[in-house]
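You will see two complexes here that share chain A, one where it goes with chain B and one where it goes with chain C.
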Partner chain A sequence: MKFKLLTLLIVFFLFEVHASSSNVEQNQIFKNIRCLVCQGQSIADSNSDFAQTIKLVIKDKIKEGKTEKEIYNFLIEKYGQWIVYKPPMNGSNFLFWLFPYLIFIAGGVVIIMFFKKKENN
Partner chain B sequence: MLSNLGNLLLFLNTFLGITIIYYSFENLKSSKSSLSSKIYKYSLIQSTSIIICFFTLVGAFIISDFSLVSVYQNSHSLKPIFYKISGTWGNHEGSLLLWVIILTIFSFLFLIFNKSHPKKFRLYTLIFQNFLILGFLFFILFNSNPFENLTPIPLEGLGLNPILQDPALAIHPPLLYIGFVGSSIYFSAAMASLVTNYSESSFASSIKNWVLISWSFQTLGILVGSIWAYYELGWGGFWFWDPVENASLLPWFSMTALVHSLIVLEKRNILYFWVIILCLLTFILSVMGTFLVRSGILNSVHTFASDPSRGVYILIFLSFMIFGSLFILFRKYENKKYFINPNSKETFVLVNNWFMMFYLVTVMLGIFYPIFLDALTNNKISVGPPFYNTVIFPLVIIFLFFMTIGPQAKWIKNRFENIKILIFILLAAILINFTIFYIFKRYSILSNLLVISSLFLIISSLIDFTQSLKKSKTDLARIISHLSFGLLVLFIGLNHHFAIEKDFNIKLGETKNFKNYQIKFQELELKDYSNYKAVIGKLKINDLKKNQEKILTPEIRIYNNPQTLTYEAAIKSNLIEDYYLTMSNIDRSEYYNIKFQKKPFMMWIWISVTMISFGGFLRLFKNAKNY
Partner chain C sequence: MQKTIKLIIVGIFILIVGVFYLSLNKNSNYDTRNLVGKKLSEIHIESFYEDKYLTNDILKKNNFLLINFWASWCSPCRTEHPILMKLNREKNLSIIGVNFKDKKSNANLFLKNLGNPYDFLAKDELGKHSINFGIYGIPESILINNDLLILKKFVGPLSTADYKEIKSIIIKK
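This part shows the complex of A and B:
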């Protein structure tokens, strides 16, 4: 009985993943783009002319059927990596994305080392 | 006149700091077991005089004495009296004075509240703390003196940045400072403990209440700042992963780790050096945060208070602190052999610390990596919310599971007797989760998992709570803080997932429809206030499904002194949801840009954080009662 329930839940999850990945969220993109003329704001939060312009550009790109990634790449090419809040996972940034997890694993190892000492005693 | 008095008091304090250090060293030589009465006396005078010094500055702000540069730059005679007062610490110089006050008062309080601890330990704590006090006094005197004179005396001041003229922002700095400047006292105590070999559980008991004080206030301080940003900046969220917000979060992580590992040190007498490292780290991170904010290195909404020369001074001070503390730490460090049972409360506390360090490193990396990359390769990148959300939230899910199970574990050796109950709770959590998402018909795997894990913690804490009512020995403080943390994550998850956001351009008299909402731009009004003019829009929002009407009135304000344009969000909040609306004009047109947001459970996010901090205060009062 329990297993049936569990399988049902897993299927439900998988369905959800599928459902969530299908549409391009305009606001999501706005939030990931820095307003270059503001102090630490995204274009979603800014009222500046710059933000308004970029918003229009993005809306057009969505209409053209561009994916989220293509839009980011387009803006990076034009304005540099400074414009996106999510650094692309490539080259030197790769280590940056990985580093927290390395620390996490290292921390886990340290804790396990505390256990090992017990066996020695 | 006030300027002279202030300078005099600053010099007096410098003198007193040196005197206290001198007498403390003298006193160390004497064989008497009690502290010399001179030290108490001078410490009392020191606290009193720094408070008078601060009130002198407050006085100068109240009477708008523009012969002081800091008053001239940050005040205006027409400003409401409340903001004249809060303007005292709404600027760099004044806020540094607040730093020194907290350093000094904590120094005095630590002295009088720890009489049961050895004289040597107390004296060294006092010595280290006074070195910190002197460091900041020199900074004030030579670089950032709030009492600096200005001639000829200007007739009018420049005024305080209007977005800082706000009640939340008036109390935000003092709360936050009690938090992270308060951590100085256990930095000093940790150094003293290393120097005097005063280790083990008695050291833990000497600092635990100070850790709780700073942790609880830090939590509140972050909360108030967050509330301010929510309604004042017009972004409509509670956390933006802004570099400066992050800087206040770093000490919070290490304080939280400390709150937990101190329990282990006190009960089991292990992890001494780890606790010391956390004590040192917390204050170092606090000073580092100040450095980042004041030097202008970070591009953030807080860069109002930046100047490179300040950065250099704090950086030098910071390096002294880091190298000094590391030097002493390495000299005294011994590799002690602990053994910990994998299934024990000790392990779970370590797991807490493990996650806290992970969060800390992640956030720190997010702050520093772009700075280093820019310095090394001239490559500018931004690290914002998507990075933190992607890296941190998945692990919060696992963290919440540990947080649920951990407190149930016993010291030394544990056996889980109630696994069945836990599985039952988990199933209940999953069921509730799917009911929520089924009703609202929107899906995301991360939100689901966050909601399940937080419900797991919440239900289990609630069961703990009802059981604890029957028992005589309860740990209500822990239950409340953990429960509230669960609630916080739950409401963040729901808030994030079910928020509605829509922005559009509209002109007066027009009506727009989207989803089941209808928004009508009804009126536009121009009003004159004493220190600003306002363009006030009146918009009617109609929820067609529920047939509810709400009127929101966002404003565009034009402040006179200094000339600034601000956008005031209109917020209608209740326990279920917030309606949030901002309006801005579009140049050379009659259209206005309107951003409408519906944010569910905002109020509960604030309530949860308040309760987390309340748990800390509760533990504190309990400790004080047993004291």
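This part shows the complex of A and C:
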């Protein structure tokens, strides 16, 4: 009896963990998809007709076993990069992605040179 | 030494100006232009009258195909309807109407009152299939050729200018 109860609890616990993790992933995707007919809102924040439809499609894709990246690629193919808040790096936007790192490296070079100059003096 | 630091600072300044110049000149509004020239895949639309799906063979029957997304509750769809009726007379063009998130009785009444310009009628009750076509509102129309290549996408009601453009494209062939 105790064993059965324990098994039931474990199964229930595993089911809950799975349900909550897929829900987190779903919300994460919703937050990264722009509502094209709204003013600066993600589909997670919008109740517009378009947002509701995209949510349904994303839920279907998750059920089909598609990964987060595959879902983004599907929507980018249909609506362009504007639909995602965090677009993947490509030829037209690589500068925006590299900019913080370039600043970081340039800052490091300036600091090193500053200390070298101080040492020489 | 001082020269190098100055050079780095000037370089960063130019980079910042360049980044702002690029991003501020970029059109941030959604544009469907990126779909033109792409091939339609995953065509999966349910027939309006029967319990079956439209196949690629039906879509490839004519040289050109106009896929029009409409609903009886959509006022601009009424505005563009006479244009669709005119386009229906073109021999080189088939028209598919995708009835979008609509009630069947209302859609039938709409077509009865205004005429039926569609060679095939499909339905998308939940609007999910329209996502495959990059639709985000109705009316929208997509002109494709029999290779399922998107030639033109029209967002909003078709105008007389759009009619002339469609005609010029289909006559060229």
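Simple rule for what comes next: the second predicted complex is superposed on the first by the 97 of 121 C-alpha atoms of A that agree within 3 Å, B and C clash if a C-alpha of one lies under 4 Å from a C-alpha of the other, contacts with A are read in each partner's own complex, and residues count from 1 in each chain.
The rule is short, and it goes like this: a residue touches a chain if its C-beta (ideal position, glycine included) is under 8 Å from a C-beta of that chain, and two chains touch if they have at least 3 such contacts.
Just so you know, these numbers come straight off a predicted model, no measurement behind them.
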{"item": "Touching partner for A:Asp60 - first (chain B), second (chain C), both, neither", "value": "second"}
{"item": "A:Pro100 touches, of chain B and chain C: first, second, both or neither?", "value": "first"}
{"item": "Touching partner for A:Lys86 - first (chain B), second (chain C), both, neither", "value": "first"}
{"item": "Chain B versus chain C as contact partner of A:Lys78, first or second or both or neither", "value": "second"}
{"item": "First (chain B), second (chain C), both or neither touched by A:Asp49", "value": "both"}
{"item": "Partner chain in contact with A:Met113 - chain B first, chain C second, else both or neither", "value": "second"}
{"item": "More chain A residues in contact - chain B or chain C", "value": "B"}
{"item": "Touching both chain C and chain B, counted on chain A across the two superposed complexes", "value": "49, 80, 82-83, 96, 99, 103, 110, 117"}
{"item": "Residues of chain A that touch chain C when the two form their complex", "value": "36-37, 49-50, 53-54, 56-57, 60, 75, 77-80, 82-83, 95-96, 99, 102-103, 106, 109-110, 113, 117"}
{"item": "Complex interface listing, chain B residues touching chain A", "value": "233-236, 240, 242-243, 299-301, 303, 337-342, 347, 350-351, 354, 357-358, 361-362, 365, 369, 373, 377, 379-387, 390-391, 395, 427, 430, 434, 443-445, 448, 501, 567, 582, 584, 586-587, 593"}
{"item": "Touching residues (chain side chain A, partner chain B) in the complex", "value": "5, 9, 12-13, 15-17, 19-20, 27, 31-32, 34, 39-42, 44-45, 47, 49, 52, 80-87, 92-93, 96-97, 99-101, 103-104, 107-108, 110-111, 114-115, 117-118, 121"}
{"item": "Chain C residues within the chain A interface of the complex", "value": "1, 4-5, 8, 11-12, 15, 18-19, 22-23, 28-32, 34-35, 38, 101, 126-128, 130-134, 136-137"}
